[in-house]
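The following blocks contain the structures, represented as structure tokens.
The following pair of complexes shares a single chain, chain A, combined with chain B in the former and chain C in the latter.
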Partner chain A sequence: MNNTGENTIPLSLRLLLMVLLTVMAVGLAYAVLSLPAQAPGLSVYAVENINISGVSNPVTAVLLNYRAYDTFLELGVLLLALLGVWSLGCAGCQHQSSPGPVLDSLSRLLVPILIMVSGYLLWAGAHAPGGAFQAGSVLGAAGVLLLLAGWRIHAGLAGLPLRIALVLGVAVFALVGAVLILPGGQLLAFPPAYAGGLILLFETVATLSIAISLTALFLGADPDEEDAS
Partner chain B sequence: MSYIFLYALVGMGLFTLGLYALIIHAHLLRKILAINIMGSGVFLVLVALAARTEGAAPDPVPHAMVITGIVVAVSATALALALMLRVRSETGRAELDEEPLSKFDD
Partner chain C sequence: MEALTQLQLAFDAVLGLALLWLAWQTLASPELFRAIVLFIAFGLLMALAWVRLEAPDVALAEAAIGAGLTGALLLTALSRLEPKNKSKIPHSKKPESEVDE
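Right after this comes the complex of A and B.
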């Protein structure tokens, strides 16, 4: 690897950049410090409506009920990133790792624990810090650990079943959102009576999709194409 | 009270440091890391400013935005790394061809 190009930039230019960035930082600091010291923001509304949101943790209520739209689109972003990675083909990233005995036995020990922690975080999200994103990240970490230990998805599951699991989150959001429009409601506006159950459904499918997307992003290439080539 | 603004200022400092590294370094991996540090700074500012509630629990809306943002940042980083690997396999080096500063060399 040649040098990083850092040395090709003359000192005078770097000093100029530092001065400019310092000016920017001072301006940003002034903007931050001139904000009011007390600003409840939207927390008042979030707490007022917590009883009809279906959960008691306000962050989960925001993510899966008040602004479920954000979570829906965020799952779409994750899917788009994965499509981008797959479309690049990833020529140079088919590394065959040979795990040592430590990684091999540690992954056997850790993966079941990670799956359990993920399930707990998913369930705890209703009333405590936790939820689909945290549970999905932990489950994705378990998948990355398995990949590092040399595990690969079964060839029979790499095609359609993998794709169904990847789009499950977006698909369930879109389907339930569309069904909720039919009786005259709005997109993803949950009836309070069903809100708790719907949020648990959304969180479960979102956890699975997030975890599998993150694992697939780590792998790089589409495992189905990898087998074919 | 003031510790909230301390956290916000630290986040702002991380953003500025990341921006400096993003401009200075030509290697794409360093640029990707710099963008991640900038993002972490923004998350820190958001989480810190969400705590400006009088004694009550912090504003959950910025927290939810940060949780969403972290997952988006991770997926964007993965896409950027895949792009970097592709650039390296095409050109043999993990830098962009464009050299706007080359005229300063001579």
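Right after this comes the complex of A and C.
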């Protein structure tokens, strides 16, 4: 969007846009007004089956047990986004900066706290608000702070180890899902006895993958290539 | 109790109006740096709105991803756009973002 954009759109197009937007607004208003006043939705079933889900927080139960498939696909989307950024990003574009004293000492103070908060959110996800995505993004924020302060991944870790960490979440989901299918079960349908442990495993690997993906997105280019150039 | 409900209603009303205003300002701002800062502010208030709607899970995700990391990603994207766009978008002054240089 820039300053002159507003004046270059012809009047007829603007009228058309106005009509379309009005129709959409009316449709949305109608949809909201026609919602039933009390709609329990599927929350009743979510709470009813909480005992066999392995966790006591209904949101985590939905995300990692009932709809684990969706979370699996979300991790895939994040990985695809990173692949897209890596294929577009240029290694030479990265500006190397020297952090000021405030950023330097702030990141030293904050990064350990962020790591601890991330661990807490991961663990708390079983019984309270929290979980893999929140924990992963907090850990990712720690990574972004480190990058801002001039830290770069060790050259020996930038190749295969980094890639393994990135696909770890998707890989563990796919592997466990496949193993669960073998004895005649369904994809990602956890047996209740192992559900709690499996969810913790999934959340841990998902947290790691999400954090590293988000940090890598911030870097904007494959660090392996960056070193090579 | 009555007064508390009134206070909460007033808070919700201010929050809702502030969200709409911030959203509009974000979209209408010609200066990209300003738009990103407004977007981050929008994300933080949105997280507050999720708390008021009793959805703390969504609030956490919104604050961490919506306001925090998306803001950082947008700022890096802007800093990479900057050299190309310098001639097109007038900047009153150089934005002093941490990721800029």
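Quick notes on this one:
Just so we're on the same page, the second predicted complex is superposed on the first by the 210 of 229 C-alpha atoms of A that agree within 3 Å, B and C clash if a C-alpha of one lies under 4 Å from a C-alpha of the other, contacts with A are read in each partner's own complex, and residues count from 1 in each chain.
Methods note: contacts are C-beta pairs under 8 Å (C-beta built on N, C-alpha and C of every residue); 3 or more make two chains touch, one makes a residue touch a chain.
Keep in mind that this is a model prediction, so the values were computed, not measured.
Of the two partner chains, chain B and chain C are each touched by A:217. When the two complexes are overlaid on their common chain A, residue A:59 makes contact with chain B and with chain C alike. Contacts of A:40 after superposition on the shared chain: chain B is touched, whereas chain C is not. Using the contact criterion defined above for the overlaid structures, shared-chain residue A:179 touches neither chain B nor chain C, since it reaches no partner. Within the superposed three-chain model, A:155 lies out of touch with both chain B and chain C [touch as defined at top]. In the superposition on chain A, contact of A:141 is made with chain C only, not with chain B. Of the two partner chains placed by the overlay, neither chain B nor chain C lies in contact with A:23. Of the two partner chains, chain B is the only one that A:88 touches; chain C does not reach it.
Residue by residue along chain A, chain B and chain C are tallied for touches, and B comes out ahead. In the superposed pair of complexes, A:103 makes contact with chain C only, with no contact to chain B.
Across the two superposed structures, the residue set of chain A contacted by chain B and also by chain C is 1-2, 59, 93, 131, 133-134, 137, 214, 217-218, 220. Interface residues of chain A, counted against chain B in their complex, comprise 1-2, 4-6, 8-10, 13-14, 17-18, 21, 24-25, 28-29, 32-33, 35-43, 46-47, 58-59, 61-63, 67, 70-71, 74, 77-78, 81-82, 84-85, 88-93, 131, 133-134, 136-137, 210, 213-214, 217-218, 220. Looking at the complex, you find that chain A touches chain C at residues 1-3, 59, 93, 95, 97, 103, 121, 129-131, 133-134, 137-138, 140-141, 144, 148, 214, 217-218, 220. For chain C in complex with chain A, the residues that touch the partner chain are 27, 29-30, 35, 56-57, 59-61, 64-65, 68-69, 72-73, 76, 79-80, 88-90, 98-99, 101. Remark: chain B residues 1, 4-5, 8-9, 12-13, 15-16, 19-20, 23-27, 30, 45, 49-50, 52-54, 56-65, 67-68, 70-72, 74-76, 78-79, 82-83, 85-86, 88-89, 93-95, 101-102, 104-105 touch chain A in the complex.
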